[in-house]
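Input: structures, listed below.
Common to both upcoming complexes is chain A, partnered first by chain B, then by chain C.
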Partner chain A sequence: MAVIRDMISGFELFQPTAVDDAIELLSRYGDDGWVLSGGLDSFDWFKDRIKKPTAVVDLANVEELKGVRISSDGVEIGAMTTITEVSKHPHLLENYSILAQAAGHIATPQIRNRGTLGGNLSQDTRCWYYRSGWPCYRAGGNVCYAGTPTSMNREHCITGASRCVAVNPSDSAPALIALGAQFVIRGPRGEKIVEAQDYFMSPAVDIQRMTVLKADELLTSIRIPATWSGTDFYYEKMEDRKAWDFALVSVASAIKINGGVIEDARLAVNGIAPFPVRLEVVESFIKGKEPTDELGMAAGQLSLSTINAQPLRHNGFKLPLMRNLVRRSIRGTEG
Partner chain B sequence: MAEKLIGQDISPPDLIAKITGRAKYSEDFRADGMIFAKLLLSPMPHCRVRRIDASAALAMEGVFGMLTADDVPAVDAPGEPCLTNEPLYEGEAILAIAAVDETTAAEAIELIQIDYEPLPFVLNPLDSLHPDGPNGRLEGNTRVGREIKTIKWTQEDFDIAGPEKMPMGEPSDEWTVGDIEKGFSEAKVILDETVVHQSLTHHPMEPRSTMAYWKNGKIYMHTSTQSVSRTRAALANMLDLDLEDVVLVGEFCGGGFGSKISGSPIMQVPAHLSRKLNRPVMLRITRYEENYLGRARPGMQARIKIGFREDGRITALDIYALGDGGPYGTNDHMSGGSTASLAYQPLNQRQRGVGVYTNTPPKAAQRGPGGAQYIGMLEPLMDKAARELGIDRLDLRRINAPDGNSVFGPRQGGLTSVHVKEAIEKGVELFGWNERIQRSGQLNGTKKTGIGLAISPYTAGSTGFDGLLVIRPDGKLQIHQGIGNLGTHSIADTGRAAADVLGLQWKDCEIVWGDTSQHLPWSSVQAGSQTTFAHTRANHAAGMDAKRKLQEIAALDLGGSPSDYETSDGRVFRRSNPSRGMSLGAAAERAISLGGTYSGAEPAEDLNDMTKMAVRGLEGKGLVAAARDNYPREGAIQSWVVGFAEVEVDVETGQVDLINYTGVADVGTVLHPRSLRAQGLGGSIQGMGIAMSQKWVFDPVWGVSFANRLYTARPPGMLDIPLDMDWAAVEIPDPQNPVGAKGIGEPPVGAGSAALTSAIADALDGRCLCRTPLTADVILAEIEGLEPAYGPLDLHV
Partner chain C sequence: MELWRKLANPWGQEVLIGISWDLMWAALVFGLGFVAVHFVWARAKANGTSGSDHSESNSSKGWNLPVKVLRHAISERVFHWLMSAAMIVLLVTAFFPIVGVQFAWVEIHWIAGLVLAVTILYHIIQATVWQNFWAMWIDKDDIKAGKLELNNILSKDEEEAPKAGKYPVDHKLFHHAASVAGLLAIATGLLMMLRIDTWFGPADPDRFFSDAQWGVVYVLHGLGGVGLITLVITHIYFAVRPDKWWITKSMFFGWITRDDYLKHHDPERWVVGKKEAPGQEEGGAGPADSRLTHGEGNRAT
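Up next is the complex of A and B:
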């Protein structure tokens, strides 16, 4: 069968107005169904005719999935809230600026207007072998084209590989892990809640999924506890261009300082593994210490040994890059 | 007397259509019964199509037919066919299916079974020159003269060079000026560097879509092309038709950068399909297809040896460049040698090279072809030499820059004008070089400042084309332009030369362009920065012809001799008694009744046949003036941009922030200040993409491309450049153009690219990385002292 790209093939479009109706549709179609949120990931797959779902369930009209709800113990963001809204929301900017900042670094203004927080968290990897439709492990085949000594793998992972060496592309994920967020998932069997870092799937567990979501489940909202509200945050995304690019490495930290020393901290990085990585060993290491550049450097070094960093042929730069971003996330930008 | 139009900011006539979306590009057209075509592209870098089974596709409802390589005229190697049975790169078009809509056509394509025989392929020219290396084409790996040949270097050639330096075996092309060995013997500092310049896809915003239909033996084509008259001629040639049987409509072109100069092979597909199926056919090229079919700047690997005298003068420049010519062998690795000769005036120079066929998308001229790559590769080496010589970097440029008596290139020809030294000094002032250079190498937090500069010349004109005007009975001046409209404003701005000759206001001028049924003259291609120089001359000549005819008509009716009359403000009148005269409208009526040369019935003998056809087509519309540009010209026409950049390199991430860019041009008289600035800074930004982010990535084992989307190819975006950039021109007229103007399109690219690489090297304490793009990973690896991830001669990484 010959291959043709850039031409979406036909599908049946459903536009439910309630979450339960969407779940009912997804249950009905199983693996032939597809959840459409902002469409930035979906339409690339559709245009390339690599993914050809029978039924597309568009969540655009499900109002209960949209908006930012503020409560005394934190904030709940509907999965279909646009990235623009997340990046500009006054309450998020004031209390959880790390999330607004991370959202503001996603892609471009146009994409942020269409893209949703849930979509950004649930999107597929951008490994170009996989995205080109090659029959790799992640696509159900039995080889990884990106991990060989001759592969073009500058953007790929330095840890967490398990047959697949792709990276998670989400910019908002490390920020939400640093904020201790919880993700609300609803399916035919009801609702469940997972910790942010547990939402993401390791290829060692299931190589064909990026998240724990099953075919008939939806990510409905993201809950951020008030725990880290207004603490010292740091977010940085390194990319090849300052817009419309995926992270080479990104880092997010929330650090509580009391009396000049770090009382509590959460750190996460992305762009280094098939899933965003929380650096718990580093968090423990820096507690009770002053947030100096020396501490940052030591923490950066520790982060590399903690993840047992193993570069591929073309991505050795990610080691010093991650080390330095972790360092900066503890001491701030200025050295 | 009307104010001169040249030098004013005047919005072009297509502006409102463009910003309101009313402008119709090729894919916006529809014709009765029109069907859509889709292409099947090669999945492999080199293969043979052994068998096509399209039975299931052709049996589909809504499918009208198929066009394969067997249906189109064969092209002699190494020419490029529009469809092929031996694809020479991944993404080359094999066949097209026409259907009622694109969805159906795409589904039909998926039903086609092709039996491919994989053939050897090569992505890196050096691999092909290796004794056992593959050839990109079955006939050979390079072209010598008009023949395809095979050049293989010896193992010894590779062994002598070692892994770090580019080997230099037998060249296919070579020229020398002076005595290169003598030059090096006089040098105090000699650099010998291996440099890599990437290939870059053109990525115009509008893909090369075409709609075609036949009517009464004529073909009507709506296509995305840079030029108009020249594309019409190219189409007539490609389709083996008489010129008058080709009607081309291309009013707007969403960019080309050299990739659509006179169209491209793929536009033949809807023409042939339309003839075969007897229906209008639309072929909309997608972004993905544009990446493959849309042309690219040839990458280069070069060994550059430069010798400097103690006082900084370059005594010898010895360049050996390999051109990555793609499958059809378009190369500019040799032409860049002339740019280097011009920019640095070496006392002795040798230029050698081999252009090698590779199984990568076809190459074409890209804005500043050859010159941009050479300036990009050489300017950082100038900086390196300045450091070794202990000479100020700016002074080193001043010492070697040309002046009015300079000659250059293999033929050591002169120039129409050159004011690069004035441009340097103006730039030093505008950029604030003396203040900024104090910050060079300073570390502020984690950010280290680098200051860079580059001087970039390029060909900026041609001569000998035709201008065509009509003064209508309503008194308006119609300026017919055969050049194209790809956003440079040339169609309007070059017409000002004619209006100024006649002393007309712009509101009394109308531009006719973009539709060959509207009688367009023979013109230069809309490329190579040619039109400003070529068509101010041609329109000036036509303006003079119109003026002469007006004077003759006035003298005929009002007495006296023609030289007693002047034209201005819509009238031709007696100089000694301005009240005695006639309106241009009245003169136009007289021209129609006089006939002959006045009415368009008798075109001048020296006009091109296309122009004669247009002149005759306009007979009776008014006073028809047409003239060939016969103005003398001696020397090469070259424009210059001197670029200055300040960057900050984050030493912890390798990220580059461009703080300021300042460009100063030597382009003669400024026709249109706002447009000049847009061209100068736009071209510079394109160069910044070369320096910072834009590239090709190929898997070396499978021979297929991954940077095939805009987001993976990474041309620069708005946030990658400073909001405020500075721009100026020296504004010294070129004496060989009647209005003093020279072109601007090409030279800013090399200036933008090299000013940045120069600034980045400065921030790295003078370490020259000798490759582009300088992405954060490359810079950080250098700062951290990591083993480089890429070999010094690796391409497409």
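Up next is the complex of A and C:
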């Protein structure tokens, strides 16, 4: 692991109060700029002196990026809303409990108090070879140190790899995919909206980015449609310890049941690929069927075949783990 | 402008990662610059000359020639267009993501590279076994023709260069430059396939080389790639020029006309007809030899 040196390289700090000002700053500095939200990912990079931006744009004073706004169409959550607020917001707890539950599983209370929803979604991968400053593909080099037979790759991906085998670490991402959320992105060219699953970048497309955000763009808010409000949700995160850990595998499902059969469903898994994976084949498979344990078992098996799993030397355990989490997410109970 | 990208490896040693992308822009600018300069020069030259006499009767004296001369057999044309398609796909998948056009390029890139490697292998075998391998070799006549053409470009002299064999000297030079760049990119590209999951097996990135040595492989691959940017630009430019259209057409249809053959080629160096016996009628082909005839390439030197 990297040695924390506790001495951050110098940079120019900007604290804009409006999104447009922040975007102007990011446009000015381009790849030399850095967006600071909660700082929980950023300060690790800075203290390790692996990332040395020229300018840091701190979004803490941009009020329009904060808070939960409720409308008849659903809910819009500002990207700078803290994870604690998301996990404890009454409207979210009542209507979109899967998101509140996922947010409640993130790290520790202190981190949740400081960390933001946008930051949790946009954070960099936790592959220790990459985080240690080694010249891997993701760092601009031409090696994946985690993918070799002798690598420490227990936490790495079982599918979706393209040279890089790191996984996406976000706990809130699968919940938002299951809720059919849309992410609002603003940049100098205006505003664009992407589906939650399309926000995350495959290394096959760009190996140096985790999301579609460009250097001069900001994730401003997350819109959750009312479509899935109050339906049956399931969220489970498997981790090595009960707090302050990243998911080995996590699953989120939103299932509408009508007359005892599944009318509609959305399922997403994280911790298995460099991006959260939506299981559309499984969703189609379970529609029109009763949510029994047998269906869950079949769906779990199907999920494995649909992802074309290629486990690394030390992470084969993720296959049965994912299969069982998908099974539980359909059955609706743990254990 | 930087030439290389370097990073520190886990042991703190600075190792090569690949070429600087500045070289990609340099290759693009050089290629487009060459096209612009040549275009202006060719226009100026066209305005200043009245054209030379290429009367058929003189050139074809003593030769019994067909109306259509086969320049590229169907197998050569299929090879050319397959190779071209693979090359374009390779350049697009290699360089478009760098300039911001993002898509999942890796798999398309190595598959196109494999297609290119197979077509080149086929071409090498065909040229060695079934064709005149030396037809593409630069001989004394080519050097003389090249010197005269260069002299004509650099001065106002209009001394006519000797006519070419099957392949003019500039074509031969292009072929050899493309061969070097292409073979460099293919050889290093095949090695680099070891570093990714392919149909042939999972990635085995530590095979053969250390990280510093792999850096050299990446640099050579990059140099081959950017070299091909310039070469492909100039090749397409000449292919679409009206005065070269007769050659381009032959890559579609296979043949050139007897007039173009006589205008641009030396029947002694690219033999496609039969020498008439003394006393026979002179002055070109008669109706009897209007068949498509395939030449024999340059004479061996």
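Simple rule for what comes next: the second predicted complex is superposed on the first by the 327 of 335 C-alpha atoms of A that agree within 3 Å, B and C clash if a C-alpha of one lies under 4 Å from a C-alpha of the other, contacts with A are read in each partner's own complex, and residues count from 1 in each chain.
Here, a contact is a pair of C-beta atoms (placed from the backbone, for glycine too) under 8 Å apart; a residue touches a chain by one contact, two chains touch by 3 or more.
Only a predicted model underlies this, so the values are computations on that prediction, with no experimental measurement involved.
Engineer: So in the superposed three-chain picture, is A:Ser162 touching just chain B, just chain C, both, or none of them (first/second/both/neither)?
Structural biologist: In the superposed model, A:Ser162 contacts chain C only, not chain B.
Engineer: A:Trp128 in the overlay: touching chain B, chain C, both, or neither? Say first, second, both or neither.
Structural biologist: First partner only, chain B.
Engineer: Counting only touches as set out at the top, which of chain B and chain C does A:Asn315 meet: first, second, both, neither?
Structural biologist: first
Engineer: Considering only the touch criterion stated at the top, classify A:Val143 as touching first (chain B), second (chain C), both, or neither.
Structural biologist: Second partner only, chain C.
Engineer: Which partner reaches more residues of chain A, chain B or chain C?
Structural biologist: Of chain B and chain C, the partner in contact with more residues of chain A is B.
Engineer: Check whether A:Asn324 is in contact with chain B, with chain C, with both or with neither, and answer first, second, both or neither.
Structural biologist: Only chain B; A:Asn324 stays clear of chain C.
Engineer: Contact-wise, after the overlay, does A:Asp245 reach chain B, chain C, both or neither (first, second, both, neither)?
Structural biologist: In the superposition, A:Asp245 contacts chain B only.
Engineer: Which residues would you name on chain A as touching chain B in one complex and chain C in the other?
Structural biologist: Dual-contact residues (chain A): 132, 145, 148.
Engineer: Give every residue of chain B touching chain A within the complex, in rising order.
Structural biologist: 38-41, 43, 102-103, 106-107, 109-114, 286-289, 445-446, 652-655, 693, 697-702, 704, 706, 710-712, 714, 716-720, 775-777, 780-781, 784, 786-787, 789-790, 797
Engineer: Under the definition above, what is the set of chain A residues touching chain C in their complex?
Structural biologist: Answer in residue numbers: 132, 134-135, 139-145, 147-148, 161-163, 202, 204-206, 310.
Engineer: What part of chain A is in contact with chain B in the complex they form?
Structural biologist: Touching chain B: residues 1-10, 49, 108, 128-129, 132, 145, 148, 150-152, 154, 238, 240-245, 248, 313-317, 320-321, 324-325, 327-328, 333-335 of chain A.
Engineer: Which positions of chain C touch chain A when the two form their complex?
Structural biologist: Chain C residues touching chain A: 5, 7-10, 15, 17-18, 97, 102-107, 195-197, 202-203, 205-206, 211, 214-215, 218.
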